[in-house]
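In this document, chain identifiers A, B, C and D correspond to the written order of the chains, with residue numbering beginning at 1 in each.
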Amino acid sequence: MPLLANLWIVLALPLAGAAVNGLLGRHWSRRTVNSVAIGAASLAFVSTLELLREFFQLASASVPWVRFYFPWMTAENFHIDFALQVDQLTVVMLLIVTGVGLLIHIYSAGYMEHEGGYYRYFSYINLFMFFMLTLVMAANLLVLFVGWEGVGLCSYLLIGFWFRKKSAADAGKKAFITTRIGDMAFTVGLLLAFWTFRSLDYQTIFQQANTMPVENTGHIGVLTAICLLLLGGAVGKSAQLPLYVWLPDAMEGPTPVSALIHAATMVTAGVYMVSRMNILYVRAPIAMLAVAVIGAVTALFAASIGLVQTDIKKVLAYSTVSQLGYMFLACGVGAFGAGVFHLMTHAFFKGLLFLGAGSVIHAMGGEQDMRHMGGLRKKIPVTYWTMFAATLAIAGIPGFSGFFSKDEILFQTFAGPYRNPALWAIGLLAALMTSFYMFRLFFMTFFGSPRYDEHKVHVHESPKSMTVPLILLAVLAVAGGWWALPAMWGSENHFANFLAPVFASAAALAPAVDPEQHSLKLGLTLIATIVALTGLLIAWGLYIRSPHSADKLATSFRGLHRVLLHKYFVDEFYGFLIVKPLFWISINVLWHGVDETVIDGTVNASATVAQRVGGRLRRIQSGNTRSYASWVVMGAIGVTALLLGVWEWIR
Amino acid sequence: MGFITQHAVLVVSIVKVAVLLLAALTVNAYLTWFERKLVGHIQSRIGPYFVGAHGLLQPAADGLKFLFKEDLTIPTSDRFVFCLAPLLSLTLALTTLALIPFGPATITIFGQPTELVVANTTLGLLMVFAISSIGVYGVALAGWSSNSKYSLLGSLRSSAQMISYEVSLTLSIVGVVLLAGTFDFRTLVEGQGGYWWHFLPRWRVFPQIVGFMCYFISAIAETNRAPFDLPEAESELVAGFHTEYSSFKFAMFFVAEYTNMITVSCLATILFLGGWLSPFPERWTWQLYIPAVGLLLTGVALLADAAFKWNGIARLQLVAVSLLALGLGVLALSPTVMLVIQGVFWFLLKVFLLIFFYAWARGTLPRFRYDQLMSFGWKLLLPVALANVVLTAFLIEWWNR
Amino acid sequence: MNGVPIYYFLVLSAVLFGLGVVGFLFKRNIIALFMSIELMLNAVNLAFVAFSRALGKLDGQVFVFFVIVVAAAEAAVGLAIVINIAHNRQTLNVEQVDLLKF
Amino acid sequence: MSVPVFMFFACAALAVLGAVLLIVVREPIHSALALILVMAALAVLYLLLGAEFIAAVQLMVYAGAIMVLFVFVIMLLNAGVEERTNKSLMAKYLGLPLAGFLVLDLAWWIAKSTAGKAELTASAVPAQASSTIELSRMLFKQYLFPFEATSILILIAMLGAVVLARRDS
């Protein structure tokens, strides 16, 4: 078992790629650079496959498979190893990260062809891959935290990739700072966890947690506290309410980055963490509820904003947020498996959507506003068809991957162990909106008459390096959900079964679900399907049949439209509530007050004192040798006197 | 007599000093005569001739002249230093002489066994150099105090020259000191007894020939003698540092110069030429008669000269001189005196030869130019002397292995 | 050789040293200052030799040797500096050379 | 009063006289002469202490070389009579008391020291020649490193002097 024996190889590959490119890439041709980067990524993917093979041969007893590499820090009873582990969840995540990551590497090779800082870009995304892998392979919370912060760093670097553009730089900072707020909570959570369990290793924590009682509603215990704090981190990283604001701005980065980081992998870290900590969460119902509510609300909220956005990437960004909301919802209702399932499918189709959007933008020569697109169907067929698949998937049209995962979530919400019909309703509404705005995007982009100057912009299909990943992802987006196909007729869900061991103890704790609930499944599925189709039809009605009705609608509901268009004024709200006061305090208190008055004051004061005293003492230094000599003689007298023990004599 | 027997040491020392002083001054006087004669003959003149036979009274006349001339001191000069300078040079010159042993023998005066040296110290050599190194001041101060540019230039030159050459002078004898391993004159001389291969005397001049040459050249320069006599280069700066000096003060410088000449010659004799040791082996007893015979022959020669060539006062003079010589010769025949004299004779003979060499050099060689002098001293003499020292040290070390 | 107590020499050296100090404080001519320093050094040397004699060890004399050597070096450099001063400032009065304060 | 004692006092008197002259005399060259006098006197004292080699070196190096250098420089710069300016009040008023204090300190120290009490007797005198030989031994064995160091120091001093005194234009 070469790879299981030393897991670090999987990490080392992208890191090596990043290091090589970062240090030497500057002087290399683009070809060399991207072959190095893609080589690293593909090697990582291959090794993951090998890892998977070996993993299947592993006796279930020895899962999770933990490896200690070296003691990282040790302070008497605080001991952290650099340890990695592999279990089913990790394997899934590994596949997503390396697989989608690889595709996006390849895609980037084409997309970034004409950009500066080529080597920088590839070194960054390799680095990102490394940190993401660290995050998912970590065997204790601190190593996870390293990956956690690492991906944050990479996303900062990549969002601000075009750092000469102010908006990009700002977006980078915004992302970094916003997630920082979440990470603050996360860190406190870590400390609390350590204080409680005297360790940060998953296994130790889980063993101890297993012996702890469920903190039922009404009494909030340490577990609840830990879970809520960790949730804070997750909210920040996974762009949930109220910290989602950074993600839409993150679209300033190159589109592949949006695909890789802000759709497929990084933002799912929160979901991953929650489901990793499932054993804790199931023992803290309040936290669970919080997760569910946040998820549901975010889903609806983001979707509603997505309805009216006109920037193609913005729409996708908000859809990402809302999809993440779904995942949280899933976790919140104890359907961790479903959450992870949706995470995977979402990685496929959202990655695809972003890449497609990138391809469109590439074709339109940088145009991002859907109002200036249209009728691209014929011009860029590959993109068109792949996007179509992805749209169907996300909209939840039966047979496509998104359908299965979303359906699973909704079902679990309605009939799962922690069922909650209200949230199910919200979820359903969100689903409707989702399908609507997705088809709106789709129609506005590919159908109707071109709304751009055909002479200026000559639309062209993207190069192979971009289309091939599209196709591959499209396949996944279509077929990625078929694991769960049997579940349709009540048979077992392979994916869920695969993940089951991870959530076993959680499941054991869950209240029993009476079997006739399953009979609901078909009905619920039907409802979901209808909802999806409704969304499709509305979109078709508004944007194909009578293209101008949309604007009429917008004008008739101007107020609502404006609110949505301005994203509920959340940014302005934050700006008013937090940023302004912060500025005020910084400027008036910290700058003028503390810095100028106190610090500069002391410094200047000491300087002036020194100057005054110096001015007096200066008279001693007359420059006249004879005076100096006198001083020397005094010194000599003093020394000799001391040597003679004058002090004893005086006493 | 009681007093004498009580403080015999003191008295004997005083007597020795007195004798030495007298001898030194007389010898100096007659050295000038000898030199003038010699140089004269080298330049195919006859030199002093009319003051007494063969100008034998010339020195006396000069002495008288010095005494009776007016003693000028320039009003603008610095009186004290002006007077101090000549005193200093003369005193120091004579003092060094006091450290030189003239012979091995120990004679008894007032029942007090004494050696033929005024101040006997084991570090004689060091002392000589120590004292002679102060001699510079005489020259320097003389030039400065007399407040005249010729003097100043002359003194600057000469003191620079003396200092520069003192270095190589000192270095050149280090070889000998290394060989002998002592500063004591007596030991230094006795170390040179015996023969190499039964015929070559173990004088250090042979192993240290380079050292000897360096020594002699720098000695000539050190004493400001031709061809290194720039300080009193008449053609350039009148008479150098003693331009402004007259009569007796001038005489002091004069005597000091000749005394230094004698001193360095004595040193050369002791260090390199085996001091008072005779070149002949002990068993040739006839060599004991050499001094006496020499004196007697001189007396006879002079008598003949007086008889045939001269008349009047000069004749009487010569007779007196020859009688003196004969008398000394006869005295030297008496066994005790004979033994005592031996060492002294050989010593003085060698010294005389060296001084003859001095005069000879003066008569033949042209004067150096100043820059030549300096570059010669620093760039040739000094390195050679140094090399000599190093080489000697290595060889000695090698020998001892 | 009957008795000069060592501390006669020490006292003498102390007095000479003191005089050297006085000289350094009261002479204005730079060269004279130098000479005062030399005087102090000499006083120290005397003390050294006296002690070496008193203790019957020669180390003191070795030190004196070194002191003399160093004094030579110091004189060489110092006088060179003095010459420069004299050429640049046209004075040897140490009180006229007091720009060291800036 | 025995010869050594007489010698000592004579030389001591000369030395002190020289030192005082060095201070009071205003003509630099006279100061130099005074200093030479001190050195000569000290040389004799060294002889009295049985340090013949040091005495010789004292004369040769100090009186014969260093002081000659001084005299040279004085002659070269034609240093006139020093003017008695009094810019340094400190030296003017505190100078003497300070020096006095210093001497007192030293005197006190001497009074305390035990080594000083020893009488200078024939027994304590190391044989002169042997003492010189011993000295050289120590110099080249025990004190070899300082010796080499000083040689380098001298070399550096020479270079420094040359560089400083050269009037380059």
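We take it that contacts are C-beta pairs under 8 Å (C-beta built on N, C-alpha and C of every residue); 3 or more make two chains touch, one makes a residue touch a chain.
Remember, predicted model here, so these are calculated numbers, not experimental data.
Chemist: Among all chains, which one's averaged Cα position is nearest the averaged Cα position of every protein chain shown?
Modeler: Chain nearest the overall C-alpha centroid, as shown: C.
Chemist: Could you put a whole-Å number on the gap between the CA centroids of chain A and chain D?
Modeler: Once rounded, the distance between the two centres reads 86 Å.
Chemist: What whole-Å value do you get for the distance between chain A and chain C if each is reduced to the mean of its CA atoms?
Modeler: Once rounded, the distance between the two centres reads 81 Å.
Chemist: In whole angstrom, what separates the CA-based centres of chain B and chain D?
Modeler: Here chain B and chain D have centroids separated by 32 Å.
Chemist: Round to the nearest whole Å and give the separation of the Cα centres of chain B and chain C.
Modeler: 36
Chemist: Residues of chain A that contact two or more other chains, please.
Modeler: 622, 624, 626, 629-630, 633
Chemist: Residues of chain D that touch two or more other chains: which are they?
Modeler: Within chain D, the residues that touch at least two other chains are 53, 58, 65, 76, 87-88, 91, 95, 98-99, 102, 106.
Chemist: In chain C, what residues contact two or more other chains?
Modeler: Residues 21, 25-26, 28, 95, 98.
Chemist: Who touches whom among the chains?
Modeler: Touching chain pairs, listed by label, come out as A-C, A-D, B-D, C-D.
Chemist: Which residues of chain D touch chain C once you look at their complex with the stated criterion?
Modeler: Its residues touching chain C are 2, 4-5, 8, 12, 15-16, 19-20, 22-23, 28, 31-32, 35, 38-39, 42, 45-46, 48-51, 53-54, 57-58, 61-62, 65-67, 69-70, 73-74, 76-77, 79, 82-85, 87-88, 91, 95-96, 98-100, 102-103, 106-107, 110, 113, 115-122, 124-126, 131, 134-135, 138-139, 142-143, 146-147, 150, 153-154, 156-158, 160-165, 167.
Chemist: Please give the residue numbers of chain A that touch chain C in the complex, ascending.
Modeler: The contact residues of chain A facing chain C are 618, 621-626, 629-630, 633.
Chemist: Considering the complex alone, what residue numbers of chain D touch chain A?
Modeler: 87-88, 90-91, 94-95, 98-99, 101-102, 105-106, 108-109, 112
Chemist: Which of the residues in chain D come into contact with chain B in the complex?
Modeler: Residues 27, 29-30, 33, 36, 40, 43, 52-53, 55-56, 58-60, 63-65, 68, 71-72, 75-76, 128-129, 132.
Chemist: Could you list, by residue number, the parts of chain B that touch chain D in their complex?
Modeler: Residues 78, 80-81, 84, 121-123, 126-127, 129-131, 133-134, 136-137, 140-141, 143-144, 152, 155-156, 159-160, 163, 166, 182-184.
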